[in-house]
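In what follows, chain A forms one complex with chain B and a second complex with chain C.
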Partner chain A sequence: MRKFLNGPWVLLMPTLIILTCVVLLPLLLSLWTSFTPFKLTKPDTLYRFVGFRNYERLIGDFDFWIAFGRTVLFLAIALNLELVFGLGIALLINKITYGQRTLRTLMMFPMMFSPILVGFQWKYIFNDNIGLMNNFLREFGVIQPIPWLVDGILANISIMAAEIWSSTSVFAILLLAGLLGIPKDPIEAAKVDGCNSWQVFKNITLPFLMPFVFIAMTIRSLDVARAYDIVQMMTGGGPAKRTELLWTLISRTGYVDAKMGMANAMSYISIFLSIAFTFFFFYKLVEARQRLSYE
Partner chain B sequence: MNKRQINNILIWFSAIILIILIMTPGLWVVLTAFRPQVDVMAKPAVWIPRNLNLIQFETMLFGGSEGSMGRSPIPVLSYLRNSLIISFTSTFIAVLVGTIGGYGFARHNFKHKNKYFLLIMLTRTIPGISLSLPIFIIFSKIGLIDTHIGIILVFVALNIPFTIWLTDGFFRQIPRAMSEVAMTDGCTKLQAFWHIELPLSRSGIASAGIFAFLISWNEYALVSNLARSTDSKTLTVGLMDFTAQFTINWPGMCALAVFIIIPALILTFMVQKHLVTGLTFGGVKG
Partner chain C sequence: MVLFQLKQKLNYGEIFSGVTLRVKLIGGGQYEGLYNEVIPWWEENTGGKIEIVTQKNHFELDKEIKKDIASGNLDFCVASNHTSFASQYGNIYTDLNNIMPASVLADYTPLILEHSTVDGRLVQMPRHSDVSNLYYQKSLYEDADNKANFKAKYGYDLTPPETWDQVKDQAIFFSNPPDFYGTQYVGKEEAIAGRFYELVIANGGALFDEDYRPIFNSPAGVEALQWFIDLYNAKAVPDGVLNYLWDDTGLGFASGTIAMNLDWAGWAGFFNDPENSKVAGDIGLVRAPMGSGGLRTGWSGSHSFSMTESCPDKEAAASFLWALTSNKAQMIEARGGLSPTRPAIWDAIIAEKKAEGDEFMLMVFETFKMSLAEDAFTPPLIPEWIEFTNALYPELQAAILGDKSPEDALATASKKATEIMEDAGYF
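Take a look at the complex of A and B:
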């Protein structure tokens, strides 16, 4: 007993109890539900086991795979662009000596917006009737309003713009923190030896920044599902499912169509997707950190 | 003009464009909140505001005055009360539990420590909407749907992992020797924690708390499904309700949006420095 009180477990106990009750047990229920034809309207169906039927149906479900593919594509494009823009912004701010702190603070502006506000703000900007975007274009002679949130491709681009606006600063801030921590000696030595700025960037700055890239990626992969709020606000997955992501599809299936069993099967696939993303970047982070400490 | 000066001008030019891109969307919403409906709907657009007023805020908070668009259709005050109760309570509990956990991770070595840490972080990875499904089923069975307690419970679980991550980093920055010296002088472990380690990591814990508050304040996916009425709906859900109205009152919605952003704005400025150090510390030093 005394050993227990002095050890780490007594300190971790409250955390473990809460996470077990609020996350782990519900996930087990969720797993069970995904093997039943449970519908909210028919409570008895919770106890009927149907094996992998929900998953089998999902495999043949065209709408599901479209949403799945769109989600993966959306994340791949958004995360890469955020990284590139964030790196550019960090390098830019790093060059500025006067007013750097102020710039850094301004850079954090989008981080204060909840996803639902980001969605609202861009829904307003891309509104075809009174939005900032169309009003602006009208000044340049584009009289015919562009249906930003109605056209399939444009709606996806608009949502992407909102997502990138809200999350690029996470990358910019963390990469800037990395840049500021780079030791000056190796860079100066390389310059004396005749390296040009691109060679310095590629061989010294970038390897040093890699752990910070992966920290940012890991943090981002923890909350990629925030895109649900943005999409729900801007288009609700419409028009005609053209902006449907995995998460909006889950919410529609579970709460609107009341097909809880099916929705839980989908949500397990989304959970694995998120965990895979996080694991991948965390693994990369550990790897980059080790490489840095060997050199 | 030499090459260096041109370079400087280019850098400042791109910095200014960057700031415009970052600030415009938010400021446009703020501006709209103070503008009359006619100006907002005008075509061609009125770029320079002709007159600004507070009608939307009056309507929202006091149920409307003469000449405004009538009573606010959204019970903002109830939503505000719910947001405050839920965010404050869940933050308090999450910080309490998370700090104790973070201390456990920072000061003890045990088998598979990194695996447990990763496992706790992974609970944060689960998309809100996926987690909401089973919680919805459980809560409707035990009567926690549409209650403060239910939502607080979920938010506590949501905030613990990040609080542990941040506080673990801050505790590790404090040299172990300090509490060891205190303990050889006769302090118990608890006294050493209370008098030495806790005060030293005060600012770190405060920023973890503010961060947790912001997560709760901004959360939408879970609350929107676990809250059903004015008993527990928060401001973010209220904003969504507003958009679902038949005739959209843009200035009114913008006013509500401003209302949601102000606390977030103030709090984020307070913690910005600690947040960056806290997040990168754990990552780089290993």
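Take a look at the complex of A and C:
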């Protein structure tokens, strides 16, 4: 006992207690509810164990898997486009010698808006009747309004545009930090040896940046669920489930239908999606760092 | 008996000195005027205090209260409620039959009190009722060219519609997209599910049988859904209509780009206000048209207030409920166009508008009074209503957008509804 009290466990104990209360217990509780028919409006249902019934229903639920697939696609496209645009912005800002601080601040403006406001703003932009986009197009002779938030493909593109606008600066900031940390010597040496700008970027800048890219990807893949507010404001997952993502489906099931047991079962399945994305990006991060140290 | 005391001692004050009532209220422009007048009035006359814990739209409030129930954290006394929502909340609200004297309850319309009752318990004091009637731009119907062209095309006179088929004909006739549309409808969530429901009823159908088995996948149901589809395909409604909710349709009609608009009385004043509306002074109103079953649509409900069972100051809460739904309160809301739940206020507001010579609001009140008396019906007052509408509306949207046939969409919705009702133990 004395050994225990003098050991590192005592020092770790406050952290362990806090983590248990704040993270572990809520996780275990939500895991338990996924094995119950728990309804928010019927608290007694929390104690009725139904085994894997919620999971069995979800396995056969076509709508759920369509939303799952759409979420994977949304994540893959949005994150990659954010990376491309973020990298472009970071490279451009890195080249600027005057006013870089001001531009960096301006670049972060979209991050300062709450996702709900972003959703409202882009809903207005893409409104078929009074929206800025259709009025703008009308100036160029496109008389028939485009139903941006109704058509299946256009609605998803519209939501993605809002999400990319809102979050590209996260990538840009992280990649700019990476660019500022790249040693100048290899770049100057390459230029002396006759490399052109593309060769310098491909063979020196990008390998140095890759760890930052995967860190940014990991952070954003976990953080992207905040796009829920944007989707909810713009389309609510509709019409006809054309923009339904896991987040809108889970939220409606849990809070509007009050079926929190089922919503938590959906969440636990979707956690595998997050783990898969995180694992992939960490794997690529380690690979990129190893490659960098070999070179 | 506290209510009698309140009525009698209203000017004596201090009967609830030291009491603070925590309340959760529906927010938004059309709802908050009442609080600004009634809360200071109640506080001044009773010595009590009101602490508004939450003020948000009803759907957000609904989510919050469900979370409160799950966490057992019902630390408020009074909350906004609605007849369509009330049955979800189990027994968290007090039976007001045991608290409000019968003589006080006698001031309210009996049918509305019946709708405010869940499992035999009166859990709501009704604030105002809503039902929808058809607003239209009068000048369109007075135009000689319109009259002649319509008659030539459809073979009958252009007059404000009496049936939903006529609404369809006229909406298509008036439409000139993208500048002008014949009509519009709320296109998602409970809103479109409710509109579909009332049209099924008007067509002579029903959503459920006596055991709550879904029966809306029927000729009446298909006909109702086809009405939405036809208008959408004919571009007689805006393309984005499936994302519309109540504010969108109200503001749309006020923008002057919509010929006919089925909406509640709460918009009437706004529509006829030249500062807000391009159709002010040019508005006609008729009772909601009839479906093929010879019935008028009349999806109806009442906003209300409830008192929690856990409230420590039930007497004060009862007096506050009374104040919020009193003659004074209902007159305030009626002047804004809202439909009162006390018969006496109907008479008073109609007399007031007559005296003022306000022909428009007089027409509004007389139309809505008749509609509430003769056409109104509630949705099934069951806890599963919202969950059911969430299963139904994506299928309605899929049919409207052409992703599915009406029969397929209703078959899928019916299957999901059956599962919901089975899970709830109806059969």
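Assorted remarks:
Going forward, the second predicted complex is superposed on the first by the 251 of 295 C-alpha atoms of A that agree within 3 Å, B and C clash if a C-alpha of one lies under 4 Å from a C-alpha of the other, contacts with A are read in each partner's own complex, and residues count from 1 in each chain.
The criterion applied here is as follows: a contact is a pair of C-beta atoms (placed from the backbone, for glycine too) under 8 Å apart; a residue touches a chain by one contact, two chains touch by 3 or more.
Everything numeric here is computed off the predicted structure, so don't read it as measured data.
Model built by superposing both complexes on chain A: chain B and chain C clash. Applying the stated contact rule after C-alpha superposition, one finds that A:Asp61 touches neither chain B nor chain C.
Within the superposed three-chain model, A:Tyr255 lies in touch with chain B and with chain C [touch as defined at top]. When the two structures are aligned on the shared chain, A:Ile215 is found in touch with chain B, with no touch to chain C. By the touch criterion defined above, A:Ala263 reaches chain B but does not reach chain C.
After overlaying the two complexes on the shared chain, residue contacts for A:Pro239 are found with chain C alone; chain B is out of touch.
A count of residues in chain A touched by chain B and by chain C gives the higher number to B. Contacts of A:Ile275 after superposition: chain B is touched, whereas chain C is not reached. Comparing the two interfaces of chain A, the one with chain B and the one with chain C have residues 130, 255, 260 in common.
Per the touch definition, chain A reaches chain B in the complex via residues 6-9, 11-12, 14-15, 18-19, 21-27, 29-30, 33, 46, 89, 92-93, 95-96, 103, 105-117, 120-125, 130, 132, 135-136, 138-139, 165, 169, 173-174, 177-178, 181, 211-212, 214-215, 218-219, 221-225, 228-229, 232-233, 247, 250-251, 254-255, 260, 263-264, 267-268, 270-271, 274-275, 277-278, 282, 285, 289, 293. Taken in their complex, chain B has these residues touching chain A: 11-12, 14-15, 18-19, 21-26, 28-29, 32, 40-41, 43-45, 97-98, 100-101, 103-105, 107-108, 110, 116, 118, 120-131, 133-138, 153-154, 156-157, 160-161, 164, 189, 214, 217-221, 225, 236, 239-240, 243, 250, 253-254, 257, 260-261, 264-265, 268-269, 272, 276-277, 279-280, 283-284, 286.
Listed in rising order, the residues of chain A touching chain C in the complex are 37, 40-43, 127-130, 143-145, 147-150, 235-236, 238-242, 252, 255-260.
On chain C, the positions that touch chain A within their shared complex are 59, 62-63, 66-67, 69-70, 72, 88-90, 177-178, 187-189, 238-240, 242-243, 252, 255, 257, 383, 386-387, 390, 393-395, 397-398, 400-401, 403, 423.
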